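In what comes next, chain A is part of two complexes: it sits with chain B in the first one and with chain C in the second one.
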Partner chain A sequence: MNSALEINNLCKSYGSKKALSELTVSFPEGQVTGLLGPNGAGKSTLLKSFVGLVKPESGTIRVFGQQLSWKLNADISYLPDRAKWYKFHTVEHALSYAHKILPSFDLSRAHQMIKMMDLGLADKVSTLSKGQEARLHVILCLARNVKLVLLDEPFSGIDLISRERIIQSIIDSMLDKQQTIILSTHEIHEAESLFDHVVFLDQGHLIQEGNAEVLRQENGSIESIYRGLFR
Partner chain B sequence: MSVFWALVSNDLMLKKRQPCQFSVWTKFYLGIAIVIGLGGYTWSLLQGFIDLNYLFSFIPFLIIIPFGVSLSIIGSEWQNDTVGWWLSLPYSRNILLGAKCTASFLRFIQSMLIILVVSLALALEAILIKPDLYTMQQLFGGLQLGILNAIWNILISPLPIFLGVTLAIVKRSHWKPASPLFWLSFILMINLYFNKFLNFTTKNAPNGYSPLGISINVSSNNYLVIILVAIALSALLFAISSYLLDRHVEV
Partner chain C sequence: MESFQVGEFTFPLDLSKPLYEQVLQHIRHAVARGDVLLGTKLPSVRDLAQQLKINPNTVMRAYQELDRDHLTETRRGQGTFITSDLNTVSQVKKDLAFEAVQAFVSTMKQLGIDRTTAQSLIKEVEWHE
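Up next is the complex of A and B:
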């Protein structure tokens, strides 16, 4: 299987704290990879480095065989951790703005997802609940016809129904088009069924990785592997 | 609409609060402040304390506005937690910053127009209330000075805009320790400008009150040189901030 992303000896520190320590890992193309690990494992730093928001001190990142640059972000849809959208937009304005500035943004698909996610087009972003805004963020990412989707904690702090809707939209998205999705989350139990591949990080190191189905057969569930690794 | 103008249009909305977004109390206190301000102004007119030139002569000081506007437009991406979206857009840092600078410039032109219109309305009120003291001739004189100063401000505004952008980026980059140096250069530039090019005069008002008169003191030979220097410095600051945003800003 081809790799969508190849990371070699990646190092990144914040002061004396090493966020990524000579990390070498690859992410298979066309699959959903769960990027798992406790807080401070380096998951967000790794995802940010794929879109240039973090500059590693050493090592290489290749996305579909190419070196990183802002141009490459046209093929990457990235949902930042703890992100917020522009408060003065309505949901409709957010979609229309995304359509103008995000390459390959499928406006009609976004409108379908808005209905499915039970959001109102006229609602102002400033009046949306945390769960509703999270759903909007996921729509802004998944309505793009890009090769790589990076979702950093899309379920963080949101209710069960919103989580289920987001998971359903990811499943739909995978069925619709051939995308590589990397999903960082602590909600392993709910997201587990999405994973084709899993990468476990701890303190910037790769702890374990592999095909999710093989790992499940060997160890039960991804959640139980997580407990075994980090308890 | 091109991507650039979509970004500009969005940046124009950043930090802008519509009056309908104000709370009832904010509207109430704002209303009180306007009534007190207008009352005080009208009383001063009746006492003959106001010189119409004074209404327009403060405009050279407004060159500070574009600096503050660009500083806040850049900073709002961080304050609103939208910076991750903004910086992961697949466009060059020149385009992202250029849109912010253009939005700051348009916002400054809008501010200058509003200030000129408000000053004009206040001057017209003076003529209506005290026609014996305040004349249309004074108003035209003041307005002419105000418009010239506003145009001059607009012409050299790229420099404070790019300075604001650079300071906002330096503050959030690996170059943060150098931030005081940039602030110091800004303070020096402002001091140089105010001392060298602004001419402070006192005039005798009708009742002997002496308000401050300010005009821009640049000889015609120097206009072009100053504009060219402002453009060159702006280009340098733009290149620095674009480089920093590309290589030295992390989110």
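Up next is the complex of A and C:
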């Protein structure tokens, strides 16, 4: 199995707190990896470092064998934790704006997804519920023909139906194109059936990783493994 | 454990066991028990993945294995169908029965029960036919 990302000895501190501590880990290409760990484990910092939003103090990151660059960012779709969009846009404006600024944005696919996710084109972003806005953000990420998709907590704090719709759109996206998806989440029970691969972080360290089906065979559900690791 | 109804199939999914094996076993058992008519079309990979909310790779892997065992047949552009060949079905039934017997034997061994005792237990047990 080829790796989409190879991370070597990555270190990043915020003041005296180590967010990533000599982290060495890789992510398989063309698969969905669940990036799991408690708050403060380093998940968001790691995802940010893949798109250059965090500058590590030391260590290397290779994405599809290349060093990070602005050019490479065109091939990466990133959904930040606590994402926000322009309040004064309608959903339709958001799509056309995304189409202008985001490389390889597939506008017709985005429109299809808006229908599937039950959003109204004329609705203003300021009037969307938290769950509806989360759906919009996921659409803006998944409607792009990119090789790597990073989703930082796409389900956090949103309603059940929105979570299910988002899971549906991730499955659709996997069927339509060959993509590497890395998804961090605390909703392990709901998301674990999507994972091909799982990476567990704690305090900036890798504590376990592996193929989700092999881990299930050996140790039971990903959720129960998580409990065992962090209790 | 959650149960999903997809077309003619019911899939209880247990997240503590490999999902691919469960999809595979449900279809095998459904055919061997005669719950599903021969020649029935299986749900598409998309439908099954969407309904079960599982990774499409998992469904594809299970379907490939069914194809390899000739329990299903994938016709280009039409989908995947349960075989109409009775010999294949009876072979699958035999395989599943053998798996069940092996599981039984290993349980007996763990309990320290020898072959003769186990065999006489089988004779004694009521079948409720």
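Going forward, the second predicted complex is superposed on the first by the 231 of 231 C-alpha atoms of A that agree within 3 Å, B and C clash if a C-alpha of one lies under 4 Å from a C-alpha of the other, contacts with A are read in each partner's own complex, and residues count from 1 in each chain.
Basically, a contact is a pair of C-beta atoms (placed from the backbone, for glycine too) under 8 Å apart; a residue touches a chain by one contact, two chains touch by 3 or more.
These numbers come from a predicted model, not from an experiment.
Given the touch rule stated above, what does A:C11 touch, chain B (first), chain C (second), both, or neither?
Neither partner.
Identify the partner contact of A:R216: answer first if only chain B is touched, second if only chain C is, both if each is, neither if none is.
In the superposed model, A:R216 contacts chain C only, not chain B.
If you stack the two complexes on chain A, which partner ends up touching A:K100: first (chain B), second (chain C), both, or neither?
In the superposed model, A:K100 contacts chain B only, not chain C.
In the overlay, answer first, second, both or neither for which of chain B and chain C A:M116 touches.
A:M116: touches no partner chain.
Applying the document's definition of touch, where does A:I207 land relative to chain B and chain C: first, second, both, or neither?
Neither partner.
Mind sorting out which residues of chain A both chain B and chain C touch, each in its own complex?
No residue sits in both footprints.
Please output the residues of chain A touching chain C within their complex, sorted ascending.
31-32, 164, 167-168, 171-172, 174-175, 189-190, 192-196, 213-214, 216-217, 220-224
Can you list the residues on chain B that touch chain A in the complex?
Against chain A, chain B makes touches at 1, 3, 6-7, 10, 13-14, 16, 80-82, 84-85, 87-93, 246-248, 250-251.
Would you mind writing out the residues of chain C in touch with chain A in their complex?
That would be residues 13, 15-20, 45-46, 49-50, 52-58 of chain C.
Write out the stretch or stretches of chain A touching chain B in their complex.
48, 51-55, 70-74, 76, 78, 80-88, 97, 100-103
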